[in-house]
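As structure tokens, the structure follows; a few thoughts come after it.
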């Protein structure tokens, strides 16, 4: 089962590399996405058996993040079909510098997408720290070409930064792995295998200072990938320059995977009785990330960068929630789900806006409501959702995290948390409302609108409206009702990470 | 006996009110060494006005004609609650003083509206001034009466023991104003009386606030608001003004003349006499001082308010 | 009865959705929506009335798969009392709006607008019946968002977008305080259920005090307490008039409801709460009416009057708290009774006034008072109802505004002698007197400048009376004002269960305590009748006197000036000038004056502009400070990959040195 | 035996210093190649247990990749982007050496802070690992040319890898291979990116790639 989950996308990816562009790769993409989603659903039905003597195993956190990834990938691939169909593959003018540029080969794109799915799945299921590291690094490498899909200078720069920063970070995580290995070696001879459960079982036997430094290195390493400030620097560039559907995956799925990696090492630390230290670090990183996000969201001139920074913010909230422990962990898990859905929805909507306006500037774009009614609704709805206004899901999780903070009487944390949330809300409100409302302006000269988009009522292509709509409906539902099964998994996951 | 005496207040007001301006003018004339107009001048004016026809501005609407009627009926209705010294008002009830003050407000509302209805800048100016002064006058009135109420109130009001009915009608308050009260805290009553006197002058547009005898529109306040009224309307306005003056003087004399015998007639008559004396007093004041500059008037009223407040403070902590 | 309630909500929401679906395609959206809402509201009134009259409490509860959430609702006397204005004003405003929005039928998607309208009505109704913290917060925010979308109906205008943003910001910040409050209560009570809160009766000062402060800030932002009122004068003018009526008449009252409901969780109140509320009330009342006086924009003026009336309500509640804290039940009953009654009254006359302003705007296309005038001849209905509303809002007898103020006055006078309550009650007396007279000044100005005199512009001269769909609501609300005033003595009886819940004493006790005002209210009603009677008599007398006598028609007395023009009338600013001058320390009005020069001046102008001093002195500096701090961090993302990697290295080293 | 290891370590340290002291890119690449080979030798001699097939395979593969393939790749890229030397780096060469010395001390301090839980052949190995890693980071941070940064990354990887080779022998082979593969892929992808950068901008100065900010 697990092999299937990983193998199908990887093999399909390799296949996709060799078939020629056209409807074939898109079909393949869609097929794999559906299959993967189906497999994930079946995972919910029957717990899959561990394989490779426990190296690959699907525990509650893994299952949660696997499901998010799979769902997002399904939506994104539906979107991608329409997107790739709309793209013109000749060389065209870049709307910022006006330089000519082309796209990467479609087959390469699809191939990398599929491999991306495969590697992310591997992250969610791998229980062995070494393997986990390999998987995370692999996600970086396969996602780099995705960011460089539009072959113009800015995306190239973004790609370079992405590779350099993430590789350096991940390298540190590798050292962390070795430290963990050292920590897991007592009296020189026998080694505890670096499987999560073994480490947790005899966590007390681990060598404390080494474990601590291992935690620091892995936190910094995976934190870089996860986008915790001040290690987040690659994130806005990569998210803003990659195609919107890739940004959706990066923000909605990849960051979660990195978060999962952080959770893994935190689990070990907690088991070894160093949770106080770990939690303090997580809280600190969380608040600082929110601060940096707020700093750059307010008056942001590029709305995809704004979304990227909002991802930084929410990663901060996640680590804050875990750092607060107790009910906060459940909140964090729920938050991860909601954030992925909402952020993906926003990025896809942003894709539609860019496709018509040919611009990412929050200063020029006006009147999305009147130009693209559905997208406009999604855009504003997404704004309300991402800022945690009821009745959307993020409200509940943010409320839970607040409650965790207040229950422990940590007023400083609570106040900082709320103040930053408010600042971000105010900043985003200004940007989103200005973009959505008003008379249509900032549109390119007539005829520049791409195929498939007629800027009249109800002529937005269904394939690019339905996926974000579905995601939006999902987070709306999660804001009003949490299904029993999801609740159970969330509780299990929270319990695994030392909360409830 | 009692029920008859209850009617004394309203009836005496309706009958004698137009006499007051006569008294004032005659006082001023005498003080100025003239003979001056007859005492009953206002009666004659009213009769004449009620017999005349009327001229209306094309600009005006029903509001303009409603103004005088509303003003007159407001003051007439508040007469029914007015105590004549020891004689309780015809329909006194807890909190009637608030109703009286607000009836004044209602008549002011209508008068100002009627003035604005003519579309004349002068009358608008008058209305604007009228409402401006009331902003300080009404609080002074309410606070002053509050001080009086506390001074005249039962001793039980001061200790912390909960009283059944701490707040009473104006008539009950006035009936409590015996000589002993004056003996105990006359100072407070005097302060309150001073405040009330200033308010009375303001509300009735007497010198030093307003000069009813001026002939320059720009300096008028109340007179200018009624420039366009004529015939019966104007009659009503003059009559209402007289009644209002009577009303305030009655308040004052009821406060200043502590005759509280069980024979209500004595109380009533003495109060009425007091009113006439007060009228003379007003006349003297008017012949002694000139009207203030408009910008100074708010200060005068603020002074009245602070006098009243001082009285209240003295009652509460004196 | 319960089925009626939910049925009405379903009907309102359903018609909203229906018009949303119809939305783009047909003008029917603008018929289905409003009439559905109207009928739904009529339906909803029945259960509310039933609860108040019979005193039976309806409650529903259901499990909710949501952390700390539970779908529990209850209509007790308090909720029912707030439901009445909600359904009343929403219904008539909907009727009004269907005509008011007709001009947009071709240009805008009215379906969406009506959907949000119905969402607003339903969420308001749910806010006052919700019995669970999470549920309350959810519906509360839905209410805010729905009203936000209604406010930005004409979002093509920059000013409207700005107003919308301010409103959204303010309401969101308020909600943050409420979140903290509920979470804190939940932390103590172990659950978010209101029943649990009421059972706990938090009395330790360590919790009750801060929670009360949080409630005052959070709910005060919605209600419009100064200094949290800044959004009102922006949002109310921006919104379509029927929405302004709904928001100003009803929605801000949900803030009052929240505050009162919170008081039922906390007991016994400490006396400083009362002092605080009285202080807030005085500030809001006086400053609110002063700013209203300084406005030239009709709807903005009305918005500031909402601040003033909220202040009066706060005064009532404050006195009530003092009464409870100092064990003077009479004061408690009078204070709470007056405050709550004023909620109903203000809903009636403020709704009426906004609708009137709307039909003026609809007829002349301007809210600028100095461009209007003389409308009474062309718009008799609007003018008459507006005049009634003005008398009511000035708190003058014989209309309903006076009744609730009378409660508060009597309460204040009642305890004037008591050492522990005399200062606030004296303050209340002075403050209310000033508020009342200033309101008179303000509304004689509005009435005189907008409806009386000569039209100042072409638009005003050619104005038309709006048709029945817009007239009926105004008439209905005006009648409501009269009815409440006339029925005052009986209403007192109905108030007692409502007050009882807040004052924490039995309904019977409240009834006995309210006896003190029972008989006076009857007299007040008589006096009202007497007044009307007197005016009628005098009018008849006048007619008799003038019968057969010459009645001339002439121009207004112009002091001999040859060519008077309509522009020479007293304007709103000149009318208000003396008072503005008197209180300039607070208002800080800015005047720009270019004087007429030489013998034949070509041009001369005088502009006065009074912007909200709190916005200028508190909020704008605050926001700018935050923004400057934000900007000072901007170097962090300066683009060089080397620097970024340096961050990583530094973080690592710091953590290592700290950790090892 | 020990003497050999010590010599090896000293050589490695010297390669590090040479890397940050030399401006000719090709020279830098050669240095890194040498470092890779030395690194490959490391487990053969420093390992606690006797020479097993596993270790032999690992060190062989390491030498092949780090000593031959990467340098070759990089030299190829270097030739395509015709740059010869690092023009004024952010930190001058003399200063770099100073800092290098400082880093050496920091490395030794760290290894003092983290005592090995078990016996090791030479106490110098851990400082060496840290030092190499830091030098790598330093090179990434302080140099302009993208290619130098790749070199820095490689050196960093080398340091970490050295640590792993010596102290974490029980890492399963699969993981070791995975790590090597990833490193290879990373360098490969970076090489491609540099190639593209050179084509788009006709320079490979990483610090001039700063259009995206704010």
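Residue numbering begins at 1 within each chain, and the chains themselves are lettered A, B, C and D in the order written.
Everything that follows uses one rule, which is that contacts are C-beta pairs under 8 Å (C-beta built on N, C-alpha and C of every residue); 3 or more make two chains touch, one makes a residue touch a chain.
Because the structure is a prediction, the values reported are computed rather than measured.
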- Which of A-C and B-C has more C-beta contact pairs: B-C
- Query: Taking each chain's centre as the mean position of its Cα atoms, how many Å separate chain B from chain C?
  - Reply: 35
- Task: Averaged over CA atoms, how far is the centre of chain A from the centre of chain C? Could you give it in whole Å?
- Result: 44
- Query: Taking each chain's centre as its mean C-alpha position, how far apart are chain C and chain D in Å?
  - Reply: 70
- Note on the structure: So, in whole Å, the Cα centroid of chain A is separated from that of chain D by 31
- Message: Residues of chain C that contact two or more other chains, please.
- Response: 634, 637, 641, 645, 656, 660
- Mind pulling the chain B residues that touch 2 or more other chains? none
- Note on the structure: Note: chain A residues in touch with at least two other chains are 160-161, 164, 168, 209, 213, 236, 296
- So which chains end up touching which? A-C, A-D, B-C, C-D
- Contacts from chain D onto chain C in the complex sit at residues 90, 110, 113-114, 137, 140-143, 149, 206-207, 209-214
- Query: Hey, which residues of chain C end up touching chain B in the complex?
  - Reply: 327-328, 330, 373-374, 376-377, 387, 390-391, 394-397, 402, 406, 409-410, 413-420, 422, 426, 429-430, 433-434, 436-438, 440-441, 443-445, 447-449, 452-454, 516-517, 519-520, 523-524, 526-527, 530-531, 534-535, 537-539, 541-542, 545-546, 549-559, 566, 568-570, 574-579, 582
- Task: Give every residue of chain D touching chain A within the complex, in rising order.
- Result: 113-119, 133, 137, 140, 146, 149, 153, 156-157, 160, 163-164, 167-168, 170-172, 174-175, 178-179, 181-182, 185-186, 189-190, 193, 196-197, 200-201, 206, 209-212, 214
- Task: Report the residues of chain A in contact with chain C in the complex, numbered from low to high.
- Result: 160-161, 164-165, 168-169, 172, 209, 212-213, 216-217, 219-220, 224, 230-231, 233-234, 236, 277, 281, 291-292, 294-296, 298-299, 327, 330, 369, 384, 389-391, 395-396, 399-400, 402-403, 406-407, 414, 418, 421-423, 425-426, 429-430, 433-434, 437-439, 457-458, 479-484, 487
- Message: Which residues of chain C touch chain D once you look at their complex with the stated criterion?
- Response: 634, 637-643, 645-646, 649, 656, 660
